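In what follows, structures are represented as structure tokens.
Presented sequentially are two complexes of chain A, the first with chain B as partner and the second with chain C.
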Partner chain A sequence: MGLKKMMVGFLGSVIAIGGFLEVATADLKFPMLVYRTGAYAPNGIPNADGFVDYYKMINARDGGIGGEKIVFPECETGYKTQVGVECYEKHKENAMVFQPMSTGITYQLIPKASADGVTVYSTGYGRTSAKNGKVFKWIFNAPATYWDGASIAVRHILKQNMGNIKGKKIALVYHNSAYGKEPIRTLQVLAKKHGYKLMLLPVDHPGQEQKATWLKIRKQRPNYVLMWGWGVMNQVAIKQASSIKFPMENFIGIWWSGSENDVMPAGAGAHGYKALTFNAPGDDYQVHKDIKKYVHDKGQASGDGSHFGTVLYNRGLFQAMVQVEAARVAQKIHGTSKITPAMYRDGMENVDLNAKRMEELGFKNFAPPFKNTCENHGGSGLAAVQQWDAKAKKWNMITEYMYGDAEVVDKLIAEDSTKYAKEQKIAMRCN
Partner chain B sequence: MSVELLNFIETVINGLMSGIMYSLVALGFVLIFKASGVFNFAQGVFALFAALTLVGFQTGQVPFSHLINELFGTNFHNWYPSLHSFFAIILTIITMIVLAWLIEKLVLKHLVNQEPIILFMATIGLAFVLEGVGDLMWGSDVKVLDVGIPSGGSEWLEKTTVGWASEGSEYYGMYIDVLNVWATIIAVILVTALALFSQYTKTGRALRAVADDHQAALSVGISLRSIWVLVWAISGFIAMVAGIMWGTESGVQFSLSLIALKALPVLILGGFTSIPGAIIGGLLIGLGEKLAEIYIGGLLDIGAIENWFAYFMALVFLLFRPQGLFGDKIIERV
Partner chain C sequence: MIYKETGQFKSTYESDHSIFPLIQDKIAFNILMLVAFLVVPFFIDSYWEKAILIPFLIYSMAAIGLNILTGYCGQVSLGTGGFMAVGAFATYKIMTFFPDLNIMIIVLLSGVITAFVGILFGLPSLRIKGFYLAVATLASQFFIIWLFNKVPWFYNYSDTGQITVSERTMFGVAVTGANAPSYATYLFCLILVVVLGFAAKNMIRSKIGRSWMAIRDMDIAAEIIGVPPLKTKLSAFAISSFYIGIAGSLYFAVYLGALEVTESFDIMAISFPVLFMIIIGGLGSMLGSFLGAAFIVLLPIFLKNVMVDLIGLSAVTAKHFEITIWGLLMVVFLILEPHGLARLWSIAKEKLRKWPFPY
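Showing the complex of A and B:
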């Protein structure tokens, strides 16, 4: 090859790469940390499908956000913390927001993303005290935290017992990880406040074998069992509970222990099992109609489309919607469609998803309204209780959305976040 | 009887029965190791693959449907609405035999006379390939597996034992999962059948000859390759049984492959070359870990110790009896 040809080829490549970079930076990059393989794939796949279908719908229906297309490279974490961190490092350049889909990964990303100036949105999981926006500038966990979840579960139990649960026994069966341990402190404080006895029952990853745990429950007869489980742990726990004939209406899971996948293997035995939720199940919302029209009917559904309308798919839609809305708000605040990661953070901090806005976005009555502020990155803290109907094979919402115990939760959040601020030498903001 | 004693007996029985579930996985490892000296890392994935295939046949799912639909724009998902479990099991056994033949043809044949570590590495590769193929073939959803084996607590035992406790004490009867009782019966049948097969059939004797000495077996005209296919097929069958038992408990999903981790301490304890060892090892590990979780964990107010306690037991055994309880004694002549 002659020198001239080589030069032309080189220049051509430079121009092509330059052109690509220009396109790449103009797009809005929402990297996705997913787990479509491994032990937690049955949970990871429907959730990731919800994200992808929503982004595809926004690109197809609206031409992106403010004219900017959404790009959403996927990175497989297998729910492994170390791999999740590697995925973050690989995709952090020009990334608007990361949704780690794992409390363990979120904990690792909090200091990194804060230093890099990248928004982390851990929807209803992750570090609870990140709700305090005065300390955690880059981290958001709206619409509800695990401590809200724990206190809402206890509130539900209180309601069933005319406000008196003194002397009752409540067991927490939890995934022996950062995620599962998150509600312990709140439940301990609430135990002091309401006079119930708390039993802690950790289950090691992945949770395939839980016989000893449920023998303990059978012997010690707690009145209620709360569960912070994920993956196969949920299915085995529900099956074991039904095996020992634990009253299923007294078994309440967090919102990550309440999908169709979790209850189906137990069959009729799962009837009556309860779980918290901050979004509704079903596929008759406007957003579903739009996804069907702009994505599924064109043969572009993520996966085989079989998860459409399931609990975790709908949660993916909700999470993606909040992330997209944050970009719109950022564009409005800064008067440009070409927002930077720092501008995106401002958008996330000013998201106001009131009932009217939810309806405009196709999410009418899909989830309770919430609003982020400088001080509050954790949203409303509202969640409802849903119950599994094994005959009809569907979840029914059995309560209104309710608040947790702010008196306890807010104090704990202030304590924990202040401690973190001192350790990390973070100056309080929002003054 | 005191409630404490009854609870202790209940823990012992449940521990032993959990152990049987571990033994079902360990048996597959032992068979292959005995006949070919290969530690089959893929045994857990075998159980997963067999269970996925079984549910696939039961529900009439089209293998690779997602891939086919993506490539050709079709919408195939099911051949037929459902198939009786008996026929689904037969089809799964045939699939596992074909898989064993393919493994021998594509992998083992090319690695004859290689170091054991090379063969071990090959089975690691096999595990990941098979897991990926299983995912492509049948999808990653949690699948409900029901072949008609009853599960859940035994009401009969509960009612019978509820009066055994001292008068006035709070006791609710003894708990045993019926699924575990069935697992025990199936394990006994399996071990008996394996023993009869290896003692009284020509192929069984050939299998034992290969297990004793490859070179000597070859010299008397035994085909090493057909024995390997046979052994891998039998261990595929055992994997299917383990997959059914574990899959009935939790649904069939990819974490099922991790049950292999439960078999490792069983093998260390019972020995890699002994079928009775796999059973006794399983019983001891199941018993030890359940007693540890409930009594040591209860005493120290800690939980989730059963996983590592099984390995602790195995480690202690390794120090005093490296070949395991029933394993062949390692004698090296200098």
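Showing the complex of A and C:
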């Protein structure tokens, strides 16, 4: 008897909770695919905290976007593609935008989201040729792509060598996945153009085992090492590089291989390590003050709040800011605060984050301005080089924001996206 | 009471040899099939399709394949991920070579290609067994993944090594690609699993299956009574790989649609989980393959949904609990019944026979 009653009560409360959730989803839904567990957690956690804190701040300070509260259900992917699919299917209904935080999951979602009419925003990762908005209607990867990144790194090396790197050896240490393989094509084309030799050194998931990789580097002595790493792979690589005494100033990581968590374990050995970035480090911007006031001081910080102002936390803020701004633009275009996923896409396509707008949003000098258009979903393509100071324990910007090699990159993007359009029988837009 | 066989007389050999000798089993199975074929397709949504049913069916197929090799023929294999990769890449290459070929033929052909690869990697099994064979098949796993990484021809020289499926139809309805309706992909996988499942069950009950089991139980004795080890072991490798190849083909074409070989066919992503499926489900049991697949694939999703949606835990806490509970359950089940979930089920049937008046 008692058991039966309990069962009925339990079922009743289940239905009640279900009904409650239904009501809650009438707001603007920004599902988050995060990974706070597994081999990629050291990078996944600060980034996810940045997102959550920004959304909380917007809800607390402005009462949401145009009066609509933001809901941001988290779904733990562990950086695994299959789990990413499950998370996407679970949250896709009425979702404004997905931020997969994994190139593998992004590749998965590109066809699915395009068919379902859901925006995917892969900020500086994912499929590079998604920059071509003519083919990839629902996919955005502003402000910069991996091919921009690869050519900016080579440009930096060129500058240091007075424009001549003929005969030099450049090694690419990369995560052996869609993510790490992304820059290879560009680096090969650039090798032909500038006459350097390219060495490819894949590192398998999860990246803890790199002895052989760095032994090879020690033997063959490349002049420069580029790295496309993520998670523990970054920490291990930087440690290994310092233990074979590789000159750190010749070791350049992509923007996902340049956070505090990556260099700290190597201690003083990491001094001088360089990484690209498209946002500034630090915690004294207006947005940080707002987050302190509206979120942290109320004891509502995401996680333990210890990542405040770190590189990946700041990048999370930036990513969340663009997503929120896109919703505002969409509300303006369509004249309603209750936007649909399709309206949201229009907003994302018309995002114009110029210097003035950035300042209004509390992001003055935080990142270079960029703008999406119908043809260009990849933003400006600007990135700078930052260098780690192990004594002061902070990242310093050592160059201006610079462009990649548009001559090479644009051609490759056009080639790759047209091939995709042909395979998938997609008609070109924006004519 | 429920599983009482009293009064069920068999008057022909045919009825005595049927797959489900008990009328209760037959009814239950028929109801299950009716629901699967006639009810589920009308109610399936993309979450149930992409997150639950399709992975379950595909992993069941892989588990049947591995069970034939390991459970019935006794050859331990850790190369499942590699063989599934062969199925997936065969599908991709055939698809791009012959754009007009029917998808069903492509999938079956991929299975055949994988079968040949399986025979090749089965050759060492004639000289080594047990743990040593497991290590040899492990080599196949690493070699195949390395090959699909190293030779760009396999992924048609795409920049990232990513292979993407294009749309294919059956009877005018898309079954692959992003626009495929949920019921179509589900039915496509279901039909393959049911037909090939029956084929496997019947193979196991016939001469070839008995010779596998003879080799498993004692290979020298089997050889003495006239079971040729070469033919038997290689046929087990071939047929097992055929099933695994089809699972790989569906995994790529129907389930994921786009994948990259190192990430998707990693030993921790496929080979070990599928081996755990047949150990937990029950070595040498068809039902065990399905139960094991359900345990490994569906239980984590179930736990997650209960903890996040019902109890309201945060995603990360739920994940930690999920890993712990799942691991605990695995240990508990193996201690309770080392022969797997299938054995638990048959014990339950024994109990149900006398229930509710045990004497």
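Basically, the second predicted complex is superposed on the first by the 405 of 431 C-alpha atoms of A that agree within 3 Å, B and C clash if a C-alpha of one lies under 4 Å from a C-alpha of the other, contacts with A are read in each partner's own complex, and residues count from 1 in each chain.
We take it that a contact is a pair of C-beta atoms (placed from the backbone, for glycine too) under 8 Å apart; a residue touches a chain by one contact, two chains touch by 3 or more.
Remember, predicted model here, so these are calculated numbers, not experimental data.
Superposition of the two complexes onto chain A shows a clash between chain B and chain C.
When both complexes are overlaid on chain A, the residue A:G231 reaches chain B alone and has no touch with chain C. Contacts of A:K394 after superposition on the shared chain: neither chain B nor chain C is touched. Judged by the touch definition given at the top, the superposed model places A:K411 against neither chain B nor chain C.
In the superposition on chain A, A:R218 makes contact with chain B only, not with chain C. In the superposition on chain A, A:N176 contacts both chain B and chain C. Of the two partner chains placed around the shared chain by superposition, chain B and chain C are both touched by A:P202. With both structures placed on the common chain, the touch criterion links A:K332 to neither chain B nor chain C.
By the touch criterion defined above, A:D304 reaches chain B but does not reach chain C. When the two structures are aligned on the shared chain, A:K239 is found in touch with chain B, with no touch to chain C.
After superposing the two complexes on chain A, the stretch of chain C that clashes with chain B is 326-334, out of 164-172, 308-316 or 326-334.
In the superposition on chain A, the residues of chain A contacted by chain B and by chain C overlap at 36-37, 176, 202, 204. By the touch criterion stated above, chain A contacts chain B in their complex at residues 36-42, 45, 176, 200-204, 206, 208-209, 211-213, 215-216, 218-219, 221, 231-232, 235-236, 239, 242-245, 261, 264-265, 267, 269, 299, 303-304, 306.
Across the complex, chain A is touched by residues 7, 10-11, 14, 18, 65-66, 69, 73, 77, 135, 139-142, 144-146, 151-153, 172, 175, 177, 246, 249-251, 253-256, 258-259, 262, 289-290, 293-294, 297-298, 303-304, 306-307 of chain B. Per the touch definition, chain A reaches chain C in the complex via residues 14, 17, 21, 34, 36-37, 73-76, 78, 80-82, 85-86, 89-90, 92, 104, 107-108, 110-112, 114-116, 127, 176-178, 181-182, 184-185, 202, 204-205, 416, 420, 423-425. Listed in rising order, the residues of chain C touching chain A in the complex are 46-47, 49-51, 55, 149, 159-162, 164, 166-167, 177-179, 256-260, 262-264, 266, 269, 301, 304, 309-310, 314-316, 318-320, 323.
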